[in-house]
Each structure stands twice: as structure tokens, then as C-alpha cells.
Amino acid sequence: MSLLSKSQADGLSGKQPEETEGKWRHGMKSLLKSKTGTLGILIVLVVCIIAIGAPLFATHEPAKISPAQRLLPPMWLEGGAPDHLLGTDNLGRDIWSRIVYGSQVSLIVGIGAVLLSGAIGALLGLLAGFYGKWVNAIIMRVADAFIAIPAILFMLVVLAVLGPGLGTLIFVIGVTNWVSYARVVRGEVLSVKERDFVKAARALGARNGRIIFTHILPNVLSSFIIISTMSVATTIIMEASLSFLGLGIKPPAVSWGGMLSDGRQYLATSWWVATFPGLAITITVLGVIFFGDWLRDMLDPRMKSKE
Amino acid sequence: MGKYIVKSLLQMVPVLFLISAIVFVLVHVTGDPVNLMLPETATEEDRAVLSKALGLDRPLYIQFGLFLYNAVQGDFGHSFHYGQSALPLVLERLPASFQLAGAGMLIATLLAIPLGIISALKRNTYLDLFISGLSALGKGMPNFWTGIMLILLFSVILGIFPVSGKGGPEHLVLPAITLGAGIAAQMTRLIRASMLEILNQEYIRTARSKGLLETIVIFKHALRNGLIPVVTIMGLQFTSLIGGTLVTETVFSWPGLGQLLVSAVNTHDMSIVQAAVFVIAIIVLAVNLLTDIVYRYLDPRIKYS
Amino acid sequence: MKRWYVQGFAVIIAVMLVVTGCGNAAETTNETQTNGGTASAPAGGDKTTLTIANATDIESFDTHNNNNTMSEAVLVNVFDYLLKNDAEQNKVPVLATSWEQVNDTTWRLKLRDDVKFHNGDPFTAADVKFSLERVAKDSTLKQNTYYKHIKEVNIIDDYTVDIVTETPDPIMLNRLSRMGAGILPSKYIEENGIEAFLKAPVGTGPYKFSKWTKDDRIELVKNADYFGGTPKWENVVFRSIPEASTRVSELLTGGVDIAAGVPSTDIARIDGVDGLSVEQAKIQRVLHIIMRMTEGSITADPKVREAIELAIDNQVIIDSIAGGAGIPTRTSVTPGNFGSDPSLYDTFVYDQERARALLKEAGYENGAKVSFSSAVQYKEVAEVVAAMLTDVGFEVNLEILEASSFSEKLNSKKFNELFLLGVGNSLFDASNNYNRFKKENAAGETDYNNPEVEELLQSALQNMDLADREKQYQKVQQQFTVDRPTIYLYQMKGIYGIGAGIGYTPRLDEMYYAEDITLK
Amino acid sequence: MPTPLLEVKNLHTSFKTDKGVIPSVNGVSFSVEEGETLAIVGESGCGKSVTSLSIMGLIASPGAITGGEITFQGRDLVKLSRKELRKLRGNEMSMIFQEPMTSLNPVFTIGNQLAEVFRIHQGASKAEARQKSVDMLQRVGIANASKLVGQFPHQLSGGMRQRVMIAMALACEPKLLIADEPTTALDVTIQAQILDLISTLSKDQHTGVILITHDLGIVAEMADRVVVMYAGEVVEEASVADLFAAPKHPYTVGLLGSLPRMDEQRDQLASIPGMVPNLLDMPSGCPFHPRCSYAGSECTVIKPQLEQVGKGHYARCLKSEEVSL
């Protein structure tokens, strides 16, 4: 409803951002002001810290099997063992420790694949949108071919040839997902290109590279970041789905998706086996989304004052 | 416009060729179908005999050439697995795949447009936060998980919908929600962001200054602009659902293209894989063209090139 | 126990409500029947449709071109064999009324004269000749390898045939009572071609083909002219439901009458519902750990192989992974198969101390590195085995492969020291268990080569003296417990959920003879 | 004296932000007679745009009108319901914005956007609305109007777009037109044409005009009376002649001193030293004193009131006596 956005209203105060107050500080301030942003970055940070310091947080070897202790409920429930915080799974492994170690795989795959697909997609999308003509034609035909081949086919084949593993997963998910970045970035570039400031910069004889980086890139960043954050989430889920199809990370490595997938058959009898990794995924996804929203607001030049 | 469409259609030819070549290579690097067709006890000699009988002993480029020659005439060969012509086997799956993808998109759109708009209008309120939470949940639950939960709740406990299989429209409800929830989540976020940007535009202020009803301001002036980036995503999503709903198909035992394609890859059933990818590719390219046309219709600033 | 359940469900439902609360808005409320099958009738006295849920779909209606027990389990209702196994693995007549061995390479069978195919064609000796010669001569058929030694089928008269083999075949009757020996309508196929036949298959069985929605369901209808009397069910539906929890849900909601492959964790859940029951039955599948004995590999050392066997507590695996649905064994020739040695069945050896000592003796006190491969299907078993091996001092490199990669590696013999394999036996004869250990086949895989065993195996293949042949196989089994080219974990059991009012006793061969499934 | 067309009394509009409540408009009063042109001048952020949006009822969260009255044709707009306000907007009162490039919706044709006004306020049918749109476009001097209705904004030049905006604003012959920097974004040559158009049409329709600008050259040409705003307050009000002849507020003097020549375009009134104050952290006493060359010690303590300094001439300065050009 607002005709004047918050930042515009800020601008009304007449206060110009002081030179001494760097972008970083400005960012931190705006972060603290946004409640969801704060929540988002807190979640992301906590997950990152847990992933990095996994050995410190885990109470057990994540892959240690003890059939005698299988399917113990969380410790606060009747029958729970005091040393198994969230209970144990069907092979008697400690669920909390597995979630702690699983965060590593989920994050690495999530972020790695998004970086890969984002980099490929943004580059090709920019080139196609900016240069048009035959560059656009070639890139878009390749993109067409890529989306027309079902991702699952590509995944099956690559996993079969390269064998399952973290690198393969990142590669497979990364390479199958670049098209959406490329298309959206290209679409944005096409519309930004028509705007006056780009035309103006061109007329002033700015070099193409300069126009891309100073005028177009910042303008497509908003869409780009939204897809990226959503993609981190998608990728974490995709890893889970691959696990469901038997194509995910293989033991002794552990991932949230794998835990969720393996735990599904205990849903009706031992709910904690699948519920906790499911919660871990959902909470992380929530954090990533909130964090991404804030980041977008921060980075989007169009959201800033323009009085 | 007509010229543009013709041009786009012509561009599909190299794409289809490219796809066929890629798929041909992909399937061949995964292994020899003969290995999977014979029982474990088969001898080398058995393999050689079968290989020759299927024409798999010839050099790859000859096999590919033969494939292309036949494919152009609509013959993708015989399925090793089903012992029937490949193309009809693929085509008979299309209705199920279209139903599922269509219903999933429908549910996603019906959810995402209102939720995205509300979220943008009520930015940074608890309602917005709640919708963000919903998106995260929709996004944060893998399809197999959503599907199993839906079955437990709506079929086993409440007994409202059938558990699985293809039948009347009631069979479509749970799988469609399963697919739609995840897509809706992503679309909601995109519509929210897009609408937020649009609502700050000056032409929205102009529209209000004209005394237009708020609903017209939102649904005509803002939404029409806000949908431009969304259309691209919707097109992409829909195409990814053609042949890409394997998980949902597996949970609900839905006889779509996904199951066919994956079992064909696993059994190295070349003909089926090629025919399926070819059919999927044509659909995807057609949907892309349609997306492009809609995109151009929505945003008159973009010129036909 | 109850509290967990309640709490868990509270969580699940809370999540569900949030997710679906919005989902419903988009949907008109549908009042529908809860049973999934279109043909399902309300449970009760006049139930006429039997619905069975399997994990996989059949491969095709060509019984000669299938390689999968689940296919056979369905097809036995449409196609008949000349003779079949009853529930105790006795050969009983079906299309043949009697059989005798004329000489070492010839069997003579008398056929029924009152049988018609579903399209009305009469069944005669010509159909037997057509069917058996087809599977014997066409090398592209998946069943060809079991039948290729059949030289010819001679028609003596309309209802008598001679089956002539290249070499003596002690197990011809076993071959005739399984998948590749289904009798097809010669006239129909010759006139219309095999492709037309596959679209509208015709057999002699108690049920006729009606409709096949691939990866969803096969619908069969009663063959009122069946020579064995009017079939019990009007309709029989085979559903293909890959996801186990969905199969169980279908059973719980009455959508299916029998659900195969019930996860052991769901047994209690099904048993808890009034009228539903769970049946377990041994099946023809034994889990093997196959070891590479190639010169230079660590498992070439017999002490290492012995240590591996002793390190594994079979019963713990059965109890923790299979929910008790298995029987430990030291042979794959389990009771019910020709040549079985009961002394090696329902037993296992387990001695961690001895295993450690053996490793030490073999010179691996500082850890013995082995790689261990398994298909994703047996992932949990593999994980537990790996843990047990680690306990006695192995360093296990566990490799879990998705099904087709596993098959690929299996067929190209690329596994390293150990791999886990479930091996079935549709021939019910020990010869089938040892094919992979014959010198020719073992080369490159296990590289097992014991001349004494090889001779026993080769001779047993054509030994028409059944008593002697049985002894030969028992000797092989005993020798295997010493040589250990493979060790065995357990014979698996099938777990079936049975719906209200259905009487079904699962079979060792996993077949669903709809005629044996009753309404209680 | 007849009731003025519009009377703004003690208007307060503020914005809630995380940093605090920003009083963008702080007790502004003025009036506009029928057919009169009132100019509001001031630097960016002085509250002139917020004042105009307040009149239009287009202030929305996080902003709100927190006090005062806006009497338009005898009705207090502040108390009107959203629905009643909406019926006035675009009909009885309308607005032209600064940026013709972005003020038109890029995805609808000119005809579509123009016709909306006729349809909503006059209940015109599609065909009628289209005909009226063409007529209106012709009135704003567009020759090929019937072709233009089918075109999209991006196909038009800036001047043409602003003509379309004017056509839209004047479509229903409003009693009040607010023109918020209508020519700032345009070429100098086009500026004159557009101003001419506004002035001619408003004379024809006897429309009261509020012209918001920071360009005193335009004020001199167009306006009858002038209101000068600084930091959310009116600091001086006078007829055009009085203001240019004898400004009584140092800020006005500063503005006049920075009056650009006609052939030159400037965005900033650069000659007044110092910066617009932070509305959250206003200087004590007179808000202008840090930038004022007349300021004495009393100016840092006492907040001046708007006082009459001549006939129809008001100023908010303790030293208005001393102020001269």
C-alpha cells in the first residue's frame, strides 16, 4: 500500500548516509532492524556453526551401529536413554549426532550446487540477454536442450558413471539447475536494457563489461538472490529426493535427506527417526529464505531511496 | 508474431537433434543393456548372441545414424523391456503425466497468487511472516514426505481420498497437492518479491491518483506487471514436471512418464529412453514457446527479434 | 509405547494441517469411495474382486521374455504350464496329464484335450511345440538360457508331445513348471504377430487379460470356460505400488486385499487392525556375501574368509533388520530345493574371538582392508555387516550402489573383495545355486577353482541318477563351508499383509494363484 | 470573501520508521481559490510532495495524517472514508507526477489507462470511454490521438507521456489539479509547452492548481500565490509579486539568489550553504538558523511563528524586518 517505501521515508528525514558509516555497518544495522532477517541469519549461522564444529556437538559416532539400542525414543520420553538426546534410529545410531553430521552434507551440497548453477546460469543469462543475436541464440538453444532433457535422466546417468559421492551430487544438481538462472537473468537483462540509464550509459560510450557490471548486474541481483536462496532450499530437498530414489549420499556418510528418506518407514511406529531430520530441513530452509529476503532488500538498488 | 513462431519452431530442429545426440551418448555410457537382460548365469557367448540380435554390436555412430533415420519416420524402435514399439508406450503415459502436472500447477497457482499478493501487501506483518513460514514448510518438505503424510492423514485416518493409483479425479487430489505445495512455495516468494517491487512503482501511485478501486490497482496494474517474471518460472516449472514427477509418481503409484523413463534408464532400454526424451522435449519446447509468447504479451516493451 | 505414538502423531498432524489447510481451499471437496480400485466391491459376502499389491509391475505378458519373479506371480493366472509345483513343491499336472522319460534326452507328455485359449482356439500339441521351441531358439528372449538345450519338440499326435534335449537333463520337469515354459497360443501369434499378442495376450489360465495400465494396475477377468472349473473371482487386479508405506496404507484402507513386501516395522501396525493379519513365508532367496579369491586379494587367504564368516552374527541381522523374518543358513540350497543339506540349514557360526585370532594369524593384526559392495536395496544389512566386520578388526570400505549401477558392476564382474547379493532360485534345483561358481562363470568374479567341486557340479548337471545327484550337491555344500567362495546370511521371508476376510497362504515360490486365495 | 476551494489547516503528516517518527509535514496551512494557481516551493525533503499526497489521500503506511484539516469544497478530506476519497480522486481533484517515464503503466496501452478514468468516474461504456479518451488526447494537443490510444507508454517520448498524464488528470474536469514537478524531467523546450498546456486548460476549466516545484522561474510564470516550505513547515506565503519583490524569509532570499537562468537547468539549489536538517533531529529554535546568515543568538532558542508581514504576506522569521534581497 505504501507509496513511499520505508527507505524512501527514511530519505525524507533528509539524512544522507554518512561516508564514514561504511556499507558493512549500514548492512548490519538494517539486519538488526529486520526481525525476520535476524532470525534467518541466526538460523543459518547456527546451522553453519554446527556443521563446522560437528565433532564438538555430536555426542556419538554418527555411523556407529548398535543393534541392541535400536529405535530408542528421545531422552525425555518413557524408554529413552539419557545419552541419546533425540533417540536412536533403526540401527541404533544416535539421531542427534547424525543430524549434526548430516548438516555438513546438506549445506555443502546445498550451497555448492547453487554456487555452481548460479555461476553458470548468471554468466550465460547475462551474455545472452546483453549481447542478443547469435550469442543469445546459441545459449538459449543449449538451455532449451538442457531443460528438455529430464533432469532425472541426467542424474541417473551421471551418478551411474561417476559413482555416488558429494562431488557428484553437487555437480549433478548444479549442472541440471543452471537454466532457471539463465532464463530469469536474461529476462531481467532484456527489460533493464531498455531502461534509460542503460541506454544513456551506452550512448556515453561505456564499455560493455562496464555496463554489465555497474548497471545491469545490480539490477538483476534481486531476482537472482531470490532464486538462489530458494535454490539452496530446493537443493537440500533434491538431495532428500535422490535419497528416496536410492541415488543419494551413501553410508557411512549421512545427510538429512537420507535420514528422512530412511526414516519414512518408521513414521507410524517410531516417529522421531524421520521427524527430527525433517524439522532440521524445514528450519534451515526457513532460515535461508528469511536471510535471502533480507539480503535482497539490502542489495536491490530499486528498493532504496530515490527522491 | 507469426514469423516469430515459425522461427522458433525452426529453431527446435537443431535442439531436438542436439537432445537426441546427448541422450544417445548418455544412455550408452551407462552400460550395455545386454547385461541387464540376461540372467546372472548367462555366459559370454549368450551375451554376444543377444548383442548381435539387437544390433548392439555395430559401431555407435552407425547405431545413432540408424536411430535418427528411423526416428525421423516416427519409429523409435522396439523396447527391449516390453517387446513393443517404443513410441506408443511413451504416448500412452502422456495423459497421466499431463493430468498430474496440470493439476499440480493449478493448485500451485491458485495458492501462490493470493498468498504472494497478501504477503506483499502486508509486508513485515505477522501475516507475512506466517506466509513465509508456510512457504518454507512447503519448500522444506520433500515430495515423498508430503505425499506419505497426505496419505496417512487424508486416506488412512480421514478416509476422504483414495491412497494411490490412477482413477477418477479424486485420485488426482493428493498427488496434485503434493506437487503443488512445493511449487506454490517458490511461486509465492517470487510473486511477493515481484509485487513488492511493483507496488513501489510510480505508475501504481498514478493509478491510485486516478481514483481506481484498490482491487483494480492491485489485480490489474500491479499483478499484470508482477506476473512478468513469474510467467518465466511457471513455464520452467511446468516443463520440469513433464517427466519430472518421479517421486510423486512413486509414492502414489501414478503411471506417468517419470516411472517409465527411470525404469527404462535402469534397464538401458534405449528405444524407450529416446522416445520418451523426444516426446518430453517436444512438449517442453512447445511450452517454452508458449511461455515466451505470454511473456511478450505481458510485457509489450520486449521486441520480437 | 502409546505416548510416543500419540506425540508423534500430534506433530505430524500439526504439520499436515498447516500444509494442507491451504491445499484444500483449491480443491472442491470430493466425496469418494475409499477403496482405490475401480473394480473393488464393498467388503463383505458378495466381494468378487481380488486386489493384490506388489512392489513392481510385470515386465510384459511374454512369459518367455520375463526375468522376474513378480512377473511370474501374476502371469501364472493367465498362462498355464504343462505341470506346476503345488504348495509343497510336488509336480502336479496342469496342461499335461502325465509324463514319462522315454530315454535320457526325451520326455513324453500327454496333454489335456479339453482346453481352450481365451480366444476360443483349442489347445493342442502344436501350441506346446510352438512355445517351447520359441523360448529354446530365440536368443533374444530373457528365458532362452534356461531352455536352449531343448533340441526340438515332436508332435506325436494332437495331444502327445516328445521333448528332445541335446544333453540329458535331470531337471526337465523343473524347467517345465516355471516362467519360461508358459504355453502360448501358436495360431493366434502366428496370425497376428507377437506385438499384437502382447497388447491383447491370450492364455489358457483361469483369468483373462482385461487391461494393463503400466506401472499402475493389471486387470484380469474370470475365464468362465476354464478347464479346471469356474474360477472363484470375477476380477483379479494386480496393483504395482513401489512405495512400501503406500502399499500398507492401501491395505489399511481396504484398497487392496493382499500387500506384498510389508516392512517388518509395519507388522504390528497391521496386526493391530481388526480383521487384518500378517503372514510370513520363506521365499526362494538367500543373502550371500560373495568373496573374491583372486590371487593377491586379501580374501584369497582362507583364514580371512573364515574370519569374515565368524565375525557375522546372522541372527542379530535377522532380528534387527528383517524384523525376525529370516532363517540363518550356511547353504543356499534350502529345504524344498533338490539337493538340500538340512544339516547346514537354520544354523550359523559366530565367534568374534576366533575371527580376531584368525586375522592375526593371517598377519592382519593392524587391520585388514576390504571393500564391500551392496545394492541400495540391502543397504541396512550391508551397514550392519560392515559394523560387525569392523568390530573384529577389518577396515571396511562400504560401497552402496543404486540398483542399475550394481547390476552393471555385477555383470561386468567389477566388484572387489566382497559383495552382498540376494540370490533366488526359480528352478528349485541345486544346480541353479552353483552356476556362478562353476569355473567358467567364476573366472573374473570369485575366481573360485576347486577341481573336485567343479567335477561334482559338471557331473551333476547331467546325472540322471537322482539319489546320487543329491549326494553330489550335498558334498558341494559341505565343501563350500570350508572353501567359502561365498558365505550365507539368511534365507529371506516374504511378509504379506492380508485384508479382512481373505484367506491366503503365501508360497515359497511367491506365486499368487488367485484360485488358491479364498474369501473367508 | 467566498469559501476557498481548498483549505489546509495545521496539517501534520508523519512517517513511522525504525529510527523514530518523522514529522514530514508539521503544521502546514494554506488555501487555494477556484481558478487560482498556488505554487509550493522548497528543496527536496521539505515536505511539499508529502503535503500534496496528503491532500490526495495517498499517504499510506508507514505514513499517516496525524492532525489538521483539509477542507475541499466544504468537506474535510481527513475525515472522509477511503471510498469517498477514492471517488474524489481523479474526478474532483487529480494529480500529475514528476516522472512521465515511470508514471504510466508500461504494460497497458495509453487508451486503456486513460479510459479507466472515464469508466470509473463517469460510468462510461467501453466505446464511450475510448471516444472520450481520443477527444481528451486531442485537447492536450496530440494530433494522431486515435492511433496513440493503441500504443504503449514506451513507444512515446517524455513530452508526449506528460501530455497523456495531463489528459488523464484533466479528463473529468477536476476542481483541483496538483502538479508535482510536472516538467522537471523534461527538455526545456518541452517544459514550456507543457506548462502552457496546464495553464490554458486550467483557465478553461476554472481549475484550482497547486504547482509543486523547486524552480522559481516556473513559479514566476505560472503562479498567483506562493507558499515556501522548509523542513515540513510553511516559512513564507505571499503573492508572486510580493515574494519576488520583497521576500521576508532568509530562506526565500536564498532560493531567489539561486534562481537559475532560463537557459540553465539545475537539480539542486546549491547556493544555500549547509544541508536540509534531519527531521528526527531538528535544530533548536528556528530550524533554518544553522544555514542562515541573518541568524542571531535568539534564533537558536526561540522558534518563530508565522506572522503577517504585509497584506496577504506571511513569514516565519524573527528577523523578517531585516531581511531583504
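When the chains are written out, they are named A, B, C and D in that same order, and each has its own residue count from 1.
The rule is simple: a contact is a pair of C-beta atoms (placed from the backbone, for glycine too) under 8 Å apart; a residue touches a chain by one contact, two chains touch by 3 or more.
The chain lineup, named per UniProt: A, B = Peptide/nickel transport system permease protein; C = Peptide/nickel transport system substrate-binding protein; D = Oligopeptide transport system ATP-binding protein.
These numbers come from a predicted model, not from an experiment.
Participant: Relative to the centroid of every protein C-alpha atom displayed, which chain's own C-alpha centroid is closest?
Facilitator: B
Participant: So using the touch definition from the top, which pair is joined by more C-beta contacts, B-D or A-B?
Facilitator: The greater number of contacts lies at A-B.
Participant: Just curious, how far off is chain D from chain A if you go by their C-alpha centres, in Å?
Facilitator: 47
Participant: Return the distance between the CA-based centres of chain C and chain D, expressed in whole Å.
Facilitator: Distance between chain centres, rounded to whole Å: 86 Å.
Participant: How many angstrom lie between the centres of chain B and chain D, each centre taken as the mean Cα position?
Facilitator: That gives a centre separation of 52 Å.
Participant: Taking each chain's centre as its mean C-alpha position, how far apart are chain A and chain B in Å?
Facilitator: 21
Participant: What are the residue numbers in chain D that touch two or more other chains?
Facilitator: Counting only residues that touch two or more other chains, chain D contributes 58, 154.
Participant: Considering chain A alone, which of its residues make contact with at least two other chains?
Facilitator: Residues 1-3, 156, 160, 194, 245, 264, 267-268 of chain A touch two or more partner chains.
Participant: Where in chain B do residues touch two or more of the other chains?
Facilitator: Correct list: 30-31, 137, 141, 144, 148, 152, 205, 208, 228, 250, 265-266, 299, 301.
Participant: Quick check on the complex: what are the chain C residues that touch chain A?
Facilitator: That would be residues 1, 3-5, 7-9, 11-12, 244-245, 263, 265-266, 268-269, 316, 319-321, 376-377, 379-380, 382-384, 386-387, 398-405, 408 of chain C.
Participant: In the complex, go through chain B and note every residue touching chain A.
Facilitator: Where chain B meets chain A, its residues are 11-12, 14-15, 18-19, 22-23, 26-27, 29-31, 121, 124, 129, 132-133, 135-137, 139-145, 148, 152, 182, 186, 189-190, 193, 196-197, 199-200, 204-205, 208, 228-229, 232-233, 236, 239-240, 242-244, 246-247, 250, 258, 261-262, 265-266, 273, 277, 280-281, 284-285, 288, 295, 299, 301-302, 305.
Participant: What does chain D use to touch chain B in their complex?
Facilitator: It is residues 56, 58, 82, 86-91, 94-95, 97, 99, 102-108, 116-117, 120-121, 152, 154, 165, 168-169 of chain D that touch chain B.
Participant: Could you pull out which chain B residues touch chain C in their complex?
Facilitator: For this pair, the touching residues of chain B are 30-31, 35-43, 46, 49-50, 53-54, 81-85, 89, 92-93, 106-107, 110-111, 115, 134, 137-138, 141, 144, 146, 148-156, 159-171, 173, 177, 180-181, 184, 249-256, 259-260, 263, 265-268.
Participant: Taking the touch rule as given, give the residues of chain A at its contact with chain B in the complex, in rising order.
Facilitator: 1-3, 5, 8, 34-36, 132, 137, 141-142, 144-145, 147-154, 156-157, 160-161, 179-180, 183-184, 187-188, 190-191, 194, 222-223, 226, 230, 233-234, 237, 240-241, 244-245, 257, 260-261, 264, 267-268, 274, 278, 281-286, 289-290, 293, 296, 300, 302-303
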